[in-house]
Amino acid sequence: MLRQIEGSRAVAETVALCRPEVVCAYPISPQTHIIEAVGVMVKAGELAPCEFINVESEFAAMSVAIGASATGARAYTATSSQGLLFMMEAVHNAAGLGLPIVMTLANRAIGAPINIWNDHSDAMAVRDAGWIQLFAESNQEAADLHVQAFRLAEELSVPVMVCMDGFILTHAVEGVDILDQSFVDSFLPPYEPRQVLDTNDPVSIGAMVGPEAFEEVKYLAHLRQLDALVRIPAIAKEFADATGRDSGGLVRSYRTEDADILIVALGSVLGTIKDAVDIRREAGERVGVVGITSFRPFPAEAVREALCQARQVVVVEKAFSIGFGGVLSTDVAMAMQGVETNLRTVVAGLGGRSITRRSLEELIETAGRDELETLTFLDLDHGAVERERARMGETRRSGPSAENLLRDRGTAATAPVKEQA
Amino acid sequence: MTTQPVHFYQIGSFAVGNRLLSDGERTVQSNLDRTNSIDSGHRACQGCGEALGARYALDAAMRATNGQIVAVNATGCLEVFSTPYPETSWRIPWLHSLFGNAPAVATGVAAALRVKGKKDVRVVAQAGDGGTVDIGFGCLSGMFERNDDVLFICYDNEGYMNTGVQRSAATPPAARTATTEVVGPEPGNIFGQGKDLPRIAIAHDIPYVATATVADLHDLERKVERAMEIHGARYLHVLVPCPLGWGSASNETIHVARLAKESGLFPVFEAEGGTVTSVSKIRRQVPVEDYLSIQRRYAHLFGKHPRPDVVARIQAMADRNIARYGLVDEEADSKEMAE
Amino acid sequence: MEIPFAITLDVGTSRANHTGSWRVERPVYVDRMPPCNNACPAGENIQGWLYEAESGNYEGAWRKLVEENPIPAIMGRVCFHPCETACNRVQVDEAVGINAVERFLGDLAIEKGWVLPDAGPDTGKRILVVGAGPAGLSATYHLRRLGHHVRLVDSAQRLGGMMRYGIPAYRLPRDVLDAEIARIVAMGVDVELGHVVHDIEQERSEGGFDAVFLAVGAQLGKRVNIPAGDSSRVIDAVSFLHQVADEDPPLLGRRVVIYGGGDTAFDAARTARRLGATDAVVVYRRNRERMGASGEELEQALGEGVTVRWLSTVNKFEGDRMVLEMMRLNDEGFPEPTGEFEELDADSLVLALGQDTDLALLDQASDVKVEDGVVEVMESMMAGASGIFAGGDAVPADRTATVAVGHGKKAAHGIDDFVMGRTPVPKERHELATFDRLNTWYYADAPRTKRPELEKIRRQTNFEEVIGGLNEDNALFEARRCLSCGNCFECDNCFGVCPDNAVIKLGPSQRYQFDYDFCKGCGICVKECPCGAIEMVPERI
Amino acid sequence: MVTAAEILSVAAFDEGRRAQAFPSFGSERTGAPVVSFCRIDDREIRTREPVMEPDAVIIQDVTLIHQVDLFSGLSKDGYVLVNTSRAFDELGFGDFFDKFRPERLMTCPATEFALEHVGRPLPNAALLGGFAALTGQITMEAIDKAVRERFAGLVGERNVAAAAAAFSYVTSKEEELTRASTN
């Protein structure tokens, strides 16, 4: 049923439709609304049987999920940013053990400086953990992806992370068509674990594996992700056939036909980019968009196919690898091996900075003029940066840059920034 | 003529078995059909107290639950020596995740069992002292506070033995470890630090907290059995000497654990609902020297440059335990003094 | 289930890893000689029969006991129990009351009418046993079990030798003595009483005996030359006790002095008290520490009003006046006269200065060597090579009933080898189970059960048995105080304490075995074995 | 304010339109007010940027009007609704709004309506009632329904009453202005 509903609520209700059996909760913005809503459903008995466990940390949250999943229960949790990093060890562990946990990651920047707003640094930090990472463009897709995620996770015994932009999606109220229970039940069969802690058939899960087999274990995990490259579009198609909605899949192209310039991005910024593309198309510019839904496994072949005709590829990404540049760009570059292309990286929207349609239009114009540099920081206040570097050059004890910049912009007195969380 | 009760057995209840006792009165370990939860072929050092403690505890739990146990294990010696690919020594369903998360993983297992309606299957989580008092402490406290239906067993060998004998918050004062070396004015681990986890556990008001050693099997098994009668968060702290880390002879493992208890350095007691309800009295009290001097980690307190001052401080710790828990029967004490 | 590669493993797979290869020493189960067994002159397997008694299997215990000693009810009363002196439990609290349990078993056997094992299949060999004291009876029993025909002769009118004629009835009730002797005789023994053997060679050849066992005892009380008036009554203790045993007690008067410091002296003193003496004074030339009698005997005597004059000798006995000379011990501990004298009123003097053996019957046996009044024997108890064996008080050894019983058994086996033409095979002796081998932690704390003692007043006036027996409850208790030194009693400790599950339990009374595939050789089993029945031996590499 | 944007989006959704409501999550100044946005469209709303050029600005807290640049993207044809009992020209904007259409600049004592009808100073519903009256972009019926969806029972009833009061108030003021301008 189509409802005007908050993104978090839509996800929570969809997760509930997936009948998770153990849900672990630890508050962190901007993920909290999701887990709160699930909690209410469990406590009210609307979601049953389900154990809702208020844990003492994200590390515990993932750990509880690990225990539950290994015991054959469908396990779910959600987190963001620092929380993801705090559970990082367990994130890797869940994947290593092949436990099909589904987690919502409400993407948020990573401090310091502490920042509660959206970017993709958190997701990028765990890209090598062995999880499947799916990025939602809208709240509709975020909701739909959760159903597909459980299906995918349990088919392959691989944990899946559904990434949705914090605040931008989680806190946005918009129309979302919430699936009905009978459909979800038919789409998502009960969890049949590949391995389970069973007193009638005991096994030891989590052995120490030495050099003699470790590489093989990791390679097998890699192969399972490659399997996912087949299963993700197949499941998305099955979903689309039943619901009529194009949610999930590996990559999605928009106005890429005859495009000179293709913009590549993850998540909700794709909507704003599409608006900018429409405007630039009207101005006669041959520009299109390729959205990547499956970041891990990275669909190199699909990306190459989608991008190979473009003269210029501009990767707009909400994260970057300090000291180098783009993260997604690096993957795209690897995918484009053997294809002649100009690859440009645009780092944008860090720590919640708005990515405006106007800035994107300008970006496209600049790209169109072939004037885009290899690495660009969208809407960067170069003046503020230069002034801070000058201060740092002048005096050793120049103080913390974050506060200095806020003072520089006149947006802060001496008091620290108050978190809004 | 003084009459003696007939209920006297050559070896009383101190030994593992006793042909004169009924099956029910013997330890689980004396039974031919004990589970051997951890089987032969594991790679623990010779005389490993932890291997022994784990088998004792889990076999007892298996008997108490009619074989319905799922175990969660923190990273550490026990995990490493029991499950190196391609061999596992476990005969029960067993899960290892990480060093610091065993309590939380156990919570997850318990939750899954509850949601699956497997009421008869019970969860035991186990870790060394590092995985319990240090890195796992947050998760443990959370598990306690939520009163999750988990029996958490700490096999305390007073240090990080798996990584080569480093100090943990359970390492006692003056003990030598690789990170509390025998150098400087205060050789070994310094006084005034460390965590008394059983008391911290009691402060959580969980239904059951107990300590035990591998030297008193009947006591240990009884406590496991009691713990399995109760639902909610339960904590069992078992002293398991480490020949490697303590520098004790491999055949001394049980003996040294016994001396830890008999000297008063390791109080053996149990608490229900936040109150200490029983105490294992010292049977043959020994000065702490007897315990310390057979361990190389305390060698710097004896020998050429003895440190009676440090030994006296350790004795004071034992005396404080004795006073705190009433470890010495006052009647016996006064009789001894009269003699 | 189809488990994921490497991270998940099937249970129990570690048994493929044979950690036994780590071992440099291996534990092995051993049986060590318990100190009680080691100390027992009768060669009893004390630990063995206590083990049976511990479970309340008293008949089994008794059967194990009489394997070695056919007269436990007697031994349980008169034995000076060196087993208890040797008992390792002394170092924990007090020795196990072995003697008391033995008596309990002996008495129970009499009460229940348990019979000794049948005589062995007839060998056709004929053995003459001279003397029906403990040595002769013991030899008779063992010889009968071995299938030999036994002719048992004694000069007295009744069987028992010194057990009857030397030990007062308050220490050894005659019904007990009779019952145990009767049980031996019932095995089929050719008994002739009142028969004095004058020439052993002649007796042997006339009777066609294949071998002879001389157990003639030491029936002659030693005398010393003490100036004594005609009117003074002097008697040796052996004769005194013999007459009492024959229910023809001599009249000793009210004040009796007994000269000597052995058990016989105190037996005589206590007997005198029972016969009505108001004063029974033991005069002994050494002090209490050097006294020959057992402390127990002394305590009981003192408790009955017997007094002792230590460091004194009888110098003169005239009329009713006795003169004692005071002695002192020199540096070597020998008594020396001091020249100081004391007087004492006495009606009679009993000399308890030891006994001599009457070996006149050996005068014609040329290859039997007699020295210092006793027969020299070999390990097999054979004197010379002629098939003449000797034991008991007639050979050089402690003169106790227990030693005699041991001799009888040993001689029986020596005779058996001799008559059957076998070369004796020396018995393998196990290493002693010393206290330091034990881990006493595991034994329950328990004091020894005191044998009930009769009211002192009662024992001054009659010959009723002084020391009571254990009942079934406290006999069990006492048996269970046994530490089972050096012998596995299946406490399951090794089975339980092995960190590598490398001990295989074989089931009740089957004990255990090591699984050397997995034993890493840590040695905990050895350390925690309560009774020291495991030892580590180096692994041959 | 977040609630107001959400209710407005729901009202628009109920009228069969596409709507998007979201709170501010940009890097606002310290001590900045909470800003919430609502887009209403007949086509799919894809953009995720904050509303840069609003068609209407609703100011809940009148004390903020001089601290924050609230009107930078507002076109000359834009609407402004301020929660105050004062008149718009009493707010001290000077000549800033001279070129705006005066009938689209409106004040409404929404908090007073809330206090009167709801009993608590929660002016959201009242402001939405005023907004419906001022802009005609949404019907009072839709506001009524959305408010009731948000607040069940009596609370919904009272909020609807506050909204209706504000709606009447603004409508009558609009009529006043129309009369004044026709005069």
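Residue numbering begins at 1 within each chain, and the chains themselves are lettered A, B, C and D in the order written.
Just so we're on the same page, a residue touches a chain if its C-beta (ideal position, glycine included) is under 8 Å from a C-beta of that chain, and two chains touch if they have at least 3 such contacts.
From a predicted model like this one, the values you see are computed outputs, not experimental measurements.
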| item | value |
| --- | --- |
| Chain located farthest away, centre of chain C as origin (C-alpha) | D |
| Central chain of the complex, centres being mean CA coordinates | B |
| A-D compared against A-C, more contacting pairs | A-D |
| Computed distance of Cα centres, chain D from chain B, in Å | 67 |
| Centre-to-centre distance between chain D and chain A (centres being mean Cα positions), rounded to whole Å | 34 |
| Whole-Å gap separating chain C and chain D, where each centre is the average of the chain's CA atoms | 115 |
| Rounded Å distance, chain A centre to chain C centre (Cα mean) | 91 |
| Interface hub residues of chain B, defined as touching at least two other chains | 82-83, 85-86, 88, 90-92 |
| Where chain D touches two or more other chains at once, by residue number | none |
| Sites on chain C at which at least two other chains make contact | 6-7, 9-11 |
| Inter-chain touch pairs (all) | A-B, A-C, A-D, B-C |
| Residue ranges of chain A in contact with chain C within the complex | 96-98, 157, 194-196, 198, 201-207, 209, 213-214, 216-217, 220 |
| Residue ranges of chain B touching chain A (in the complex, touch as defined) | 67-70, 72-73, 79-80, 82-86, 88, 90-98, 100-101, 103-117, 121, 138-139, 141-142, 145-146 |
| Residue ranges of chain A in contact with chain B within the complex | 21-22, 24, 49-51, 53-57, 59-73, 75, 89-90, 93, 97, 197-199, 202-210, 212-213 |
| Residue ranges of chain D in contact with chain A within the complex | 5-6, 9-10, 12-14, 18-23, 25-27, 29-30, 45-50, 52 |
| Interfacial residue positions of chain C with respect to chain B in the complex | 6-7, 9-19, 22, 54-55, 441-446, 449-450, 452, 473-474, 476-477, 480-484, 489-493, 495-497, 499-502, 505, 507-508, 515, 517-518, 520-524, 526-528, 530 |
